[in-house]
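Below you'll find a set of structures to go through.
Look for chain A in each of the two complexes below; its partner is chain B in the first and chain C in the second.
Moving on to the complex of A and B:
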């Protein structure tokens, strides 16, 4: 069956509803956001770049942006570290075990993020499950400071966003022809070399996709960042909220939103680039 | 089974369903009243006491939307004359913002029979004060044996790492800073002493909640033992079995008033007034002045009782004399202070 180019047939019209939806509820608000960020108020007059200049020339604001991106990177690294083995085991397990593992991987998505985050407060608190266990085992003398610390935020984000990493990893790993690994080994490569030279390059698209999803989700995770981080660890989403609702400074909040979006898109673009270039050099 | 749904029927139904979801809120007779309420005890009191009373009296239904005062002002401003709710609930600071933004309607006193029973301090042309929040020190009596008396107790080196604070976006945070300044020679026009004290206090601070909801969790999870807190929230937590007690301050009891307002261009302006009037009626106020709500009544006909009498005031006239703050002055600097606080506390 040969698929006709979409533009020739009437099929392209199937895209209209979604297209209209996107223009109305995604593109239009985005344009409004951009306009507000350039104006001096919600009335949209007197356009200038002052809000961007104010953000970019202020070391406090810049440090928040850097912290936010670093938080995303750390949580993504943790997800990758734990996600890779899980995906590997999932794909190579027996069908029954695999469906059980898959269910466990998806489980976090099935509860509300607010509920999950509050559960983590109970686990991480000074009198929480973790601290009480460590204390009774004699591993520590005084309760660790997990809640309201960056370590805590990274831990919770990694758990909450783990499915976004593991699912793309599983689907791409499943599609790799097992004969390739056998061939590599028959030609004399060891397990590690086979993994590094054959499996990993083929796995890279899934890896990049997982990293992109987790990174974007972690940098914008308002609920988790705020509840686990508290007021002393400020990340961009909370900062934007404070400026918009607390200080009533909508244009500045809009400018920050645009800057956060640009920085996240930049990281996503770089990740994509690194995925593609390696892919192209080895298999082009 | 004989009638098949044709392609066109399907499309029409789909489009109709989609369009329905997008339609703006109109005002047919059965349209319920939409009211804003605060998170926590407030929404429970409104849901379980005020809403049933209002329903019985008017036959109309009420839908709650839970939102902080600053968020309400932001939403009303962004809605450009098509408000998403009819009744707003405000603390003193955000109320001034709301008035300035022109999102509220003047309160029609003549349509509200219970309004005259409020002490003058609780009357306001923009809407009646339905209650007040008294602040002091919430503390864990199991860990802190000596009952705190003033903000100075927060600076006690024995409590290092166990002190809690809350960010300035809530009225509690702002009122605490202003009162701290007042007890150290400053005030609404001179906040400097408070920020100086904050620097001194920070090494002792175990946690700063980003919002009031998280503040309760700090005590529940024993993350902190002592913190500025609202009188009635402490009572509620105590009744839930949390180790917490409330101490009033020797330096005067700071308080602020909470009020209800008819929103400009409300879909149901008349029901909104009836709802607000119901809140200041003796029946509702008496019913809310009990476990687990402990909403302090502003209607003169409702006697004060329980912990309120023991710790705060004997009558509404006493309540009117508490240490209220000048929010006109505070509002001039509010966003600047929020910003400064956030910078000072950042790890």
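Moving on to the complex of A and C:
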């Protein structure tokens, strides 16, 4: 083998296997999805926008898409509210406590989603722990309907996806120079003001990254949505699955999948943009 | 005097709010796992908590759960194959784009990471349409291909991160001392990024073993995988064997995590 020029070696060739895989088994399926959504089946003929028109003009379908995006937004907000303090405590804990806390944060994300969701059924059910505790404390007279309610789904999604929020938050918070907060406090700004004016702006990249990951995960969380939401609460993943598997209505299901993808990517894009513009106005 | 008190109030209220929210969050992070573990040892046929008595009967019942065992075996096969492929594709890809600062490398990086952001369920359906269109019947092999697309980003992410910490002077030194490219890779690069690859491989394995959105479309009765099997049981008739299976999964996860922490420094690779 003759020596290649050392500076710009044949490293790009290492990209070929992954590149070929992505073209064949990621990009190609997505293109087929798009084509099927525009036609009347796998025969790929009679191209039209019929299925998109059908979805967008049907208020029931449209409300499911809106509900799904709203569900993602609510669960992300709850995740953020609790994720910020969790990351803060992890970073400021002593090294020993810190590895224990990190273990507690990582364990749920590695435990099967089905298992975690199942745990919540035991907790939230009519005979569940939460209802029993509330009843015995006299806080409520009749069992609350937590299972099969939107509040329940939001709660469980927030818990299940929490690590996706906390890990990027920890990464970014660690990189913030602690002297900045010390300086701000020494100059008379209190803890709250220091947090709002010094820490939060510097934390924004991690915050945006966490929100994007959680939002994307919540909108496609089929298991949690179906098991906690039940049959009455329908979100896009179940709707797509029903149309694709049950009714064998592939083009319509394909159009729904494309619409879900576009809406999720749009939100991701907006979140990114929002993170960048805030960053620019403060530091540009 | 009043000012000091105000500062105290400021500090205390900040610590209280952060501490209280974090305490609630940590409680809810651990609580469900503990509940499942305890419930799985119940002696009765209902999922009541706390259990009226404890026994191992539901774990024993798993020994007869043929369908569940077959599903677990399928999951294991698919996860191992998907992880092996992800390591091959992800590591080579990371070597190509990880050290480059070029614009195309950044763009490719976000393309290869995109499976983590796109709704996986939509991709699963897309893969079903694709395989049907090109006439490939569904099998464990097609399931593996579908899983690799969503598992590769994990290996790519951790390997690129560990490559970023690799001092390029080491490679230059090795090459200028006459070692070939492959020798340098095997003796210098690989040992230094090995932990990154291992951490990514661990995450890819767990992601594949636990995957539902992609498997939902790419499996049939013959190739059923464990998470889907459990989901169906929970969805139709809640039975306590699910709790025992969940208990086993939790214990296996903890054991694997301890191993990953020991050999790959998992918690350091994740943030």
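Operating definition for what follows: the second predicted complex is superposed on the first by the 275 of 284 C-alpha atoms of A that agree within 3 Å, B and C clash if a C-alpha of one lies under 4 Å from a C-alpha of the other, contacts with A are read in each partner's own complex, and residues count from 1 in each chain.
Here is the rule we go by: a residue touches a chain if its C-beta (ideal position, glycine included) is under 8 Å from a C-beta of that chain, and two chains touch if they have at least 3 such contacts.
Values in this document were obtained by computation on a predicted structure and should not be read as measured data.
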item: Superposition on chain A - do chain B and chain C clash or fit; value: clash
item: Touching partner for A:60 - first (chain B), second (chain C), both, neither; value: first
item: First, second, both or neither for A:226, with chain B first and chain C second; value: both
item: Partner chain(s) touched by A:113 [first = chain B, second = chain C, both, neither]; value: second
item: Partner chain in contact with A:131 - chain B first, chain C second, else both or neither; value: neither
item: Partner chain in contact with A:14 - chain B first, chain C second, else both or neither; value: second
item: Which of chain B and chain C A:39 touches, first, second, both or neither; value: neither
item: Partner chain in contact with A:122 - chain B first, chain C second, else both or neither; value: both
item: Superposed model, chain A: greater residue contact from chain B or chain C; value: C
item: Chain B versus chain C as contact partner of A:234, first or second or both or neither; value: first
item: First, second, both or neither for A:242, with chain B first and chain C second; value: first
item: Overlap of chain C and chain B interfaces on chain A (superposed complexes); value: 42, 118, 121-122, 125, 127-128, 226-227, 244-245
item: In the complex, chain C residues that touch chain A; value: 6-7, 10-11, 13-15, 17-22, 24-26, 28-33, 35-36, 39, 47-49, 88-90, 92-93, 95-97, 99-100, 108, 111-112, 115-123, 125-130, 132-133, 145-146, 148-149, 152, 175, 180-181, 206, 209-210, 212-213, 216-217, 227, 230-231, 234-235, 238, 242-243, 246, 249-250, 253-254, 256-257, 261, 266-267, 270-271
item: Parts of chain A lying in touch with chain B, wherever the complex brings them together; value: 42, 60, 63, 118, 121-122, 125-128, 147-148, 226-227, 229-234, 238-239, 242, 244-249
item: Touch list for chain B against partner chain A, complex; value: 68, 70-71, 73-74, 77-78, 97, 165-169, 206-211, 214, 217, 221-223, 334-335, 338-339, 342-343, 345-347
item: Chain A to chain C touching residues, read off their complex; value: 1, 4, 6, 9, 11-15, 17-19, 21-22, 25-26, 28-30, 32-33, 36, 42, 44, 81-86, 88-89, 99, 101-108, 110-123, 125, 127-129, 159, 162, 167-168, 170-171, 174, 190-192, 195, 212-213, 216, 219-220, 222-223, 226-227, 236-237, 240-241, 244-245, 250, 253-254, 257-258, 260-261, 264-265, 268
